[in-house]
Amino acid sequence: MSAIITRRTLLAGTAASAALPLVGARAQAPFGVGFVYVGPVGDHGWTWTHDQGRKAVEAAYGNKVKTSFIENVAEGPDAARAIRQLAQAGDQLIFTTSFGFMNPTIQVAKQFPKIKFEHATGYQRAENVATYNARFYEGRAVIGTIAGHMSKSGQAGYIASFPIPEVVMGINAFHLAAKKVNPNFKTKVIWASTWYDPAKEADAAKALIDQGCDVITQHTDSAAALQAAEQRGVFAFGQASDMKAFAPKAHLSAIVDDWSGYYVKRVKEAMDGTWKSGDVWGGIKDGMVKLAPYNDAVTPAARAAADEVQKGIVAGTLHPFTGELKDQKGTLRLKAGETASDEILSKMDWYVDGVQA
Amino acid sequence: MLEWRRRREPSKAMLYLSPLIAVGLTMLTGMLVFGAIGYDGLRAVTAIFITPLVEPQRWADLGVKAAPLIMIALGLAIGFRANVWNIGAEGQYVMGAIAGTGVALLTHDMTGWWILPAMALAGIIGGAAWAALPALLKVRLQVSEILTSLMLTYVAVQFLYYLVRGPWKDPDGFNFPQTRMFSASQTLPAVAEGSLVHLGVPLAVLLALIAWFVMAKTVAGYAVRVVGRAPAAARHGGFDANRVTWAALLAGGGLAGLAGLFEAAGPFGQLTPQFPVGYGFTAIIVAFLGRLSPPGIVFGALVLAVTYVGGEIAQSTVRLPSAATGMFQALLLFFLLATDVLVRYRLAWKTRPARSAP
Amino acid sequence: MTAAILVSIFMTLAAAATPILLAALGELVTEKAGVLNLGVEGMMLCGAVAGFAVAYSTGSVPLGLLAATLAGVAAAMIFALLTLGLGSNQVAMGLALTIFGIGASSLIGAGFVGRTITRLGPLFPADYAAHPWLRLVVGHDAIVYLSLALVLAVSLFLRRTKAGLILRAVGENADSAHAIGYRVLAIRTAATAFGGALAGLGGAYFSLALTPMWADRLTAGRGWIALALVVFAAWKPGRLLIGAYLFGAVATFELQAKAAGLSFIAPEVLAMTPYLATIVVLTMMSLGRRTGGRDAPACLGKPFPAP
């Protein structure tokens, strides 16, 4: 428990020391917005999508803003240094875009109470530190629906990185959606124990295909699994961005991360002085999660079902995690009709029945 | 025509001048290359090499970044002088941090002044133990320590992954692969309230002074140098090469382990899979930049710290990609290693050899 | 497990083994001449990016492979110039070369991220290459066959030719070789260049055959495994072949086992196995040496002339 207590104490301390936001002091100078990235902007994955968001901010406000970024920042003390550097260079709003930047962000934010910080995917907040994340599991539910329709063998392969809640809820959401279409659906998970190793991701896809999976999806960063699927003539989904170029036949759709709307809005609020700390968890409805155009191969029935799921999620009539839900061991996790709270989601460490993980 | 001539004595002047020449050449080449591909070469070079030195708020960063490099390189240099090629400091650094963290996890609900020293001791032992295996294999079986120490690095890193993803995972950490945060009694204090500079930074400099004294003024230091330079003479002089091998590897491993523990108990405050950032490998380069002497190592570590910190400044101000920082570092190393030749050779006009008639 | 799966597993493992085999074979020749080049990962990345850039720009995979080979040689020549020409320390230089390779490949590759090419296909016509079991033999791409041929060629070269004998002499005792009149530095430079060429080719196998794309650090540390493999193989090309395929087999079977729902071993334990095995082999070799076995090239990593 000591860790949590430390974190809480830290939060309380920060809240007390936070000052009022700086408004209008530098009305003439461009508003500085900084970004700290965990990977290279050229990763065509996670970091690339955040950099698209940065470009959207530039496009929206022109010379009223000045954006800067530091890429390839290691999670740990190096991150604190990079964040501090942007703060000292005069940026007034700083986005830190990886879970491992959480402690460094909180730490630096304490030192700079007048600067606003936004940390992606974390759970620690302060008066001047907001958190944001996307409900990728909503996208997983849509591609799971497509997978359920398109798979002939009734088996999907899922290449996953590490069993953190984010990844676990993605697997469960995908499987639950596919199972709705095909009650006998199986989802086979390979833990690649890496976020990025193209050759290994490709080999993992091949192993899943060998074991009878005819739809491949992934929660790792490269497009290698799609290429392997294309080569073997099975279907797959893109990750983080539209990856159709890598696999024109195999690429059924992709979960596209779109941070631009959020970034543009938050920069505006920071400029206006209306910015407030908080926790935003945006999904399909907010435009943070999008689906890439369906491949021509996606059957009309699958299309209709996928659109239906999307509409339901947007309208709030469908939650990907709705009871009655039992985990692999048969423990009841959600009662009939109950939907999973954000609390349950963000701590998820169990798998629904039918997932082989 | 110019030609290289071997100096009778290594040049003292060049020993000190050549690193500066190398830095100058790197700046010039970098300016030209990055200018040619469309960046503001002058601003890039200024941001990387000058800004970190002239902005006082960057100095703490430089110290924090240089400290582990200094500590590891000091230990390695002792070995390199004795012809003991420990290149697995990264593994010893990781094992030191693991051993120290083990103590931290055992004492997580305790307080007391003794906890941090116990962690430091565990760090030294962990690093030294990881270096003891190459030492044993070298002394007993003449197995190359270059290869064994390098291989053990990967074993150590995988062991770290195993621990933080498995048995040592923070029970309150939502399954994220990381240990719990260290408590106040387990965290390295800052040199002054609110400063980023932790106790490890002045300690690294102090260790450099001690290492300089030991190497230059004591019999032990002399033994290391003799064994490295003239093993046969050393045997006649009664110096035991095996003992020097043991001492060099244990000292290198112990210092690397202590550096690892300081990094874990200082800037990190926990162990995560991102803990190994390559300080053990960078320190090898630092040791050579410093020409294997403790004062030189402090300089070399600072130069590398400048390129890291400056690289980030260049990214945010000139939009130089982070890969360019890597290129600058590589260029700097190429030039520094290349200009080492100036210490042993000098450039001279070629004198035309008298031709004898055929 | 059906026969079809076994055939497929073998195809995957051969592809996984090939780039490591190539890079390690090049390093083996370099080390046999007494040069320790730790920059294999950097040279592989140079080859990977150059190969992809040229193949993408010209549309020709063979041209890409050629460019990759040359890029590997170029990187190796930086190393040779500084270590053999100017007498810099090989360990430090090898590490610097890796830093260089990571940075240079990322800079050059920035314009090619997100693009793809048609991958290197099987060497033989599709009628044979797609045959259910005949493809075990004829279903591979040209580089797989080339790597096997190179293992044989290097083995014969080192054991049966005069040039091979000289190369080994330079690695075992540079001073004696020099005294007899061999040009130690020229021979070592050639061996380093060969190592660079094969590392470059091995790197390009990633960007042109396995995962036809460019992304930063595409080879994800395979260069270090290649280095370990040379030692594991006790500097013998035949054993290198076995070692590389063994590595490919272990990696492939691990994924297959996971896909089949079996997890029998922690992935971290599996990942450290090649390195632990290398240490065991080194130790066994040293024990064997007392009864007449052989060991690393005696001059490995030592500068010539001695400083």
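Per-chain residue numbering starts at 1, and chain names A, B and C are given in the order in which the chains are listed.
In the analysis below, contacts are C-beta pairs under 8 Å (C-beta built on N, C-alpha and C of every residue); 3 or more make two chains touch, one makes a residue touch a chain.
From a predicted model like this one, the values you see are computed outputs, not experimental measurements.
The chain with its Cα centroid farthest from the Cα centroid of chain C is A.
The interface holding more C-beta pairs in contact, when A-C is weighed against B-C, is B-C. Mean C-alpha positions place chain A and chain C at a centre distance of 37 Å. We define each chain's centre as the mean of its Cα atoms; on that basis chain B and chain C are separated by 28 Å.
Contact with two or more other chains is made by residues 106, 110, 216, 268, 271 of chain C. In chain B, 161, 165, 321-323 are the positions where the chain touches two or more neighbouring chains simultaneously. Residue positions 40, 193 of chain A are each in touch with at least two other chains. Put simply, chain C touches chain B in their complex at residues 36, 38, 78, 82, 86-89, 91-93, 95-97, 99-100, 102-104, 106-107, 110, 216, 224, 227-228, 231, 266, 268-269, 271-272, 275-276, 278-279, 282-283, 285-287, 289, 295-296, 300-301, 307. Put simply, chain B touches chain C in their complex at residues 37, 85, 87, 133, 137, 141-144, 146-148, 150-152, 154-155, 158-159, 161-162, 165-166, 281, 284-285, 287-288, 321-327, 329-331, 333-334, 337-338, 340-341, 344.
On chain B, the positions that touch chain A within their shared complex are 57-58, 61, 64-65, 108-109, 161, 165, 170, 172-177, 180-181, 183, 263, 266-269, 272, 274-275, 277, 308-309, 312-313, 315-317, 319, 321-323. Within the complex, the chain A residues that touch chain C are 39-40, 42-44, 48, 157, 188-191, 193-194, 196-204, 206-208, 210-211, 213, 222-224, 227, 231, 245-246, 356. Within the complex formed with chain B, the chain A residues making contact are 1-4, 6-7, 34, 40-41, 68-78, 80-82, 84-86, 88-89, 99-100, 103, 123, 162-165, 168, 193, 346-347, 349.
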